[in-house]
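In what follows, structures are represented as structure tokens.
What follows is chain A paired twice: with chain B in the first complex and chain C in the second.
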Partner chain A sequence: MLVHSRKGKWTLWTLFLVLFVPLFALPLLVIVAASFATNWSGAFPSGPTFENYASATRGESLRALTTSLVTALVASLLALLVGSWAALAAHALSKKGKRLLDTLFMLPVAVPSVVVGLAVLVAFSQPPFLLNGTRWIVILAHAILVTAFAYQSVSAAIVRLDPAYEQAAASLGARPSYVLWRVKLPLLLPSLNAAAGLCFALSMGELSATMMLYPPDWMPLPVRIFTATDRGSLFTGSAVAVVLMGATLLVLLAVSRVRTRASYR
Partner chain B sequence: MSGGDVGGGVGIRFDGVSVAYGSHTVLDSLDLTVERGEVMALLGPSGSGKTTALRAVAGFVTPVRGRVLIGDRDVTDLPPHRRGVGMVVQSYALFPHMRVEDNVAFGLKAQKAEKTAIPGRVAEALEMTGMAAYAKRYPRELSGGQQQRVAIARALAIRPGVLLLDEPLSALDAQLRSGMLAELASLHRELPDVSILYVTHDQVEALTLADRIAVMDKARLRDCGTPQELYRSPRTEFTASFVGNANLLPVRVGSGQVRLGEAELTVDTAGVVAGATATLCVRPHLVGLGEGANALRGTVAEVQWRGATHRLYVDVAGQRVKADVRELRVPPALGEQVVLHFAPEDAVLLSAGVSDE
Partner chain C sequence: MPPVLGLALVFLYPLVLLVQQSFTPLEGGTSVQPYVDVFADPAFREALGTTVWLAVGATVGCLVLGFVLALVIAFVPFPGAKAVARFVDVFLSFPSFLITLALLFVYGTVGMANGMWTDVTGAASGPFQFLTTPWGVLLAEITYFTPFVMRPLLAAFSQIDTAQIEAASSLGAKAPRIVRQIILPEALPALAAGGSLVLIMCLNEFGIVLFTGAKGVTTLPMLVYSKAILESDWTAACVVAVVNVVISVSLYGLYRVVSRRVGA
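Showing the complex of A and B:
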């Protein structure tokens, strides 16, 4: 730590808690509190119940949860594949080509996601690319939105990778594809893993583009939360939100466990 | 590919090789031949082009002009993985996700060597470098010196005709370095036909290990010869100062003698025009303290105790002369007048024409 005096440390901790608790922790705690409530008219919620969770984990809500999980899984795998491929290719390009590719992959992040959703809707509503009304349009939109993050984190990892590994492998007679599979990708694995976690989390929470696109039989969890609270079922919506939070954190935790096992140094 | 027997070595030839990045030339028309089984040290300060020359053999830089030959094969346009050279770099670049044995087997597997032959050749390479006991370890579990040996074993496992060593000892501490130096020498005695190109900035490594030394500076080859030749009769000022840190004294040439300030010194002046200025090159350890032939009178500017020797810096006629003498009971005080001398046959006269441009 840079601060050594006892007083300085206490001041910093207090400042941290004053800023962190109301900004980050309290809103989440409020949702958790609301998810157990039937009524919230005073300062605190009342009428404790598990009824909200019962409805949040069956029927339409349960279907929305699996929809979200499948969407996030497929979208982040697609994003990882395309993003890593592009990052590897960009690394081999000239400076100019790399900058062009960087900009191209930044675009979906820079543009509001509603616009991306609309663009995907317009682009894939006509044959021969008719995806509108299917689950694939949602998955595609998610993949487009999160590929930028996969591209960026893998790109950063490739730059950090010591070229000596690749060169040592080549001097030992390994052709480029062999070097890629046996040396580069294994060394990039921790970063690929981190990128996958990030993509998954982002996809799990995506709402604005999804709202433009989702077909009736493929409603992800954030949309479900939105429609529930929109109808006024605030407490059911809260329970569904806690489920979304829990599911995402659980997956991220599993992913990070894999990551610690895959890092070599 | 390099499927030959152990010691199926080949030579290396640089044929007017130039490497440039944009308008910046990092290697300027290098002509150099490394004979089969020879240890050639590329010696020079950083930025002298020595590593670039090695990378041109490995295939990591493409020359703008000239050809690189390994044996009779022109490899200039071959990708690195088809050149069949073993390489060890300063950072070792051991694959951190593989055990020692898998690191060593990497080249054999990549070249699709016969599966049944791989374990034997891995064991052989590990045996040769004394690392057989560490086969199951990961690189991060090894010390620097052990990683170094694994890197050498990995390069030797593919039985290369040529071994490229890029500052292989510079990451080790001094004590380990001299031990590894001896081991590299004995390794080369075991593989007498493998040509070794050894890049270093350390003259001790070059003098100890090399059959010949190529001295490089500012992208060019300055001098090439056996360590003894370069040490005893350097052809350029750069070689004289870089190899052995010689005294370089500007003198005026007479016939059979030269003049440094007031002092008349007897040296071999053959090949140098009388009346010209030249550089007199004398090794510090060949300069003695006290009266003798070729006496130089001066003032002591600094005295350094180095254990077995004293290093004296003496100002003679405006020049600072270094002398390494056996440890003195009573070293001279600073500012004291002393006399130095050196034997005529221990000095080399370099005419101004062959010094650095």
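Showing the complex of A and C:
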């Protein structure tokens, strides 16, 4: 307890509310409110309707939702595979090699994602790799961007792993592959799960690289929100945004349930 | 080492091509002419300036705001403070452009704040017209990135020994002094790490600027996008991209050094 007087506490709490509510809670509430409205010219939205959701869950927007889900799923699986493989490999390396690998895999975080998009576009629009205009270029860019986060969280978990388990298994005659499958990976499962959730959420909301790359027949949700609001249909846009937030939250919730079940084993 | 090869193929190889493209003017050949052209372009200089001051401003704002909010959550807890901390985590998983979208409804020309103003005063239009100026972008960036400062701070605060604070306050130290002499030194590493992370992310931010839709606000990532997609000027886009990468990656190197030194 830093502040003991009742008056001081209440002053601080009021200050906190005054700062916190308009800045953080209001934006989300406003988007939800706007998604049910047809008109917002006064202090509050007017013309309550479900029409925005009807249009947000059919046709182009529905396709955008499935596009986003598929992209995020494939990209996170790829990122998880590559990221945890690299993290496991890095752990076995010498200190210098590990630092090199760390730098290499964390680099996509530092490079602006617009630039990642541009670089991928430049590289895969020319032979020998022609991916421009296909859905794979979007998935590839997402995978590049989220791999860093998978690598980071898995390698943080490996460091905390108790080496006694694998040493015990190895001393009992288990081959390295067996140790990996039956000892290391199960122990890493909670953090793999967390990494999967993180990658999925990031990929669902990725806009910058996607704007550079998306082909007309593979338009993810964030781009859809942008085109809707850019055309002036703000209310449809916010309904799509609520769908995006809801889908992300549902997946995160599902992932965290798996995690708690895994940690009881 | 298949993962390294894979990453090199899909990430490093494109980056190399990007740099190569930036040295290739339309007429072919290799020269530094594209760089000379781009650096002479006033639009580029303006974008560079805007990017840097927006990023620095937003970082300072995030640090101050994040410190105050985290302080209240950690040391003057109220019922529901845990839920607020959870909410901050959830906030991080949402894309940044949602904030700008929300601000359109709050401070936009026909939004909540202006609507209230016109209802109360009867004026034709409200006083809040800053959304399409850099200030709108600044507000959105501060809102979105403050949680990135709050999270490491909350983690650092939970490590502080409360006995120190109790001892100091029983010896008569007032709250501001405790904050300055006990909490701030402990929080400094987390502040440095969080601040430099936010600085990089602000430099690279694209969604917020794109959604603002302001012609007057052009940052480097926005310039890359408009050169490449809207003007199809690949070489210039690559030049701007290389400049942006150099700034961000060198800052990122600094961030790694700082965070390694403080062990955060």
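Everything below uses one rule, namely that the second predicted complex is superposed on the first by the 243 of 265 C-alpha atoms of A that agree within 3 Å, B and C clash if a C-alpha of one lies under 4 Å from a C-alpha of the other, contacts with A are read in each partner's own complex, and residues count from 1 in each chain.
Throughout what follows, a contact is a pair of C-beta atoms (placed from the backbone, for glycine too) under 8 Å apart; a residue touches a chain by one contact, two chains touch by 3 or more.
Predicted model, so just to flag it, every value in this text is computed and none were measured.
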Which term applies to chain B and chain C once both are placed on chain A by superposition, clash or fit? fit
Report for A:S94: first if it touches chain B alone, second if chain C alone, otherwise both or neither. neither
Here's one for you: vertex at chain A, rays to chain B and chain C, all C-alpha centres; what's the angle to the nearest 10 degrees? 100
More chain A residues in contact [chain B versus chain C]: C
Look at A:R175 in the shared chain and tell me whether it touches chain B only, chain C only, both, or neither; answer first, second, both or neither. first
Looking at the overlay, does A:Q167 come into contact with chain B only (first), chain C only (second), both, or neither? first
Is A:F16 touching anything from chain B or chain C once the two structures are fitted on A? First, second, both or neither. second
Closest Cα approach between chain B and chain C after superposing, in Å? 22
Show me the residue ranges of chain A that touch chain B in the complex, using the header's touch definition. 162, 164-165, 167-176, 178-179, 182-183, 186-187, 264-265
How about chain A: which of its residues touch chain C in the complex? 1-4, 8-9, 12-13, 15-16, 19-20, 23-28, 30-31, 33-34, 40-45, 82-83, 85-86, 89, 101, 103-116, 118-124, 126, 140, 143-144, 147, 198, 201-202, 204-208, 211-212, 222, 225-226, 229-230, 234, 237-238, 241, 244-245, 248-249, 252
Note: in the complex, chain C contacts chain A through residues 1-4, 6-7, 10-15, 17-18, 21, 65, 68-69, 71-73, 75-76, 78, 84, 87-88, 90-91, 93-99, 101-106, 110-112, 115-116, 118-119, 142-143, 146-147, 165-166, 169, 175, 178-179, 200, 203-204, 206-207, 210-211, 213, 220-221, 224-225, 228-229, 234, 237-238, 241, 244-245, 248-249, 251-252, 256
Which residues of chain B touch chain A once you look at their complex with the stated criterion? 1-2, 58-60, 79-87, 89, 91, 93, 95-97, 106-107, 110-111, 138, 140, 154-155, 158, 164
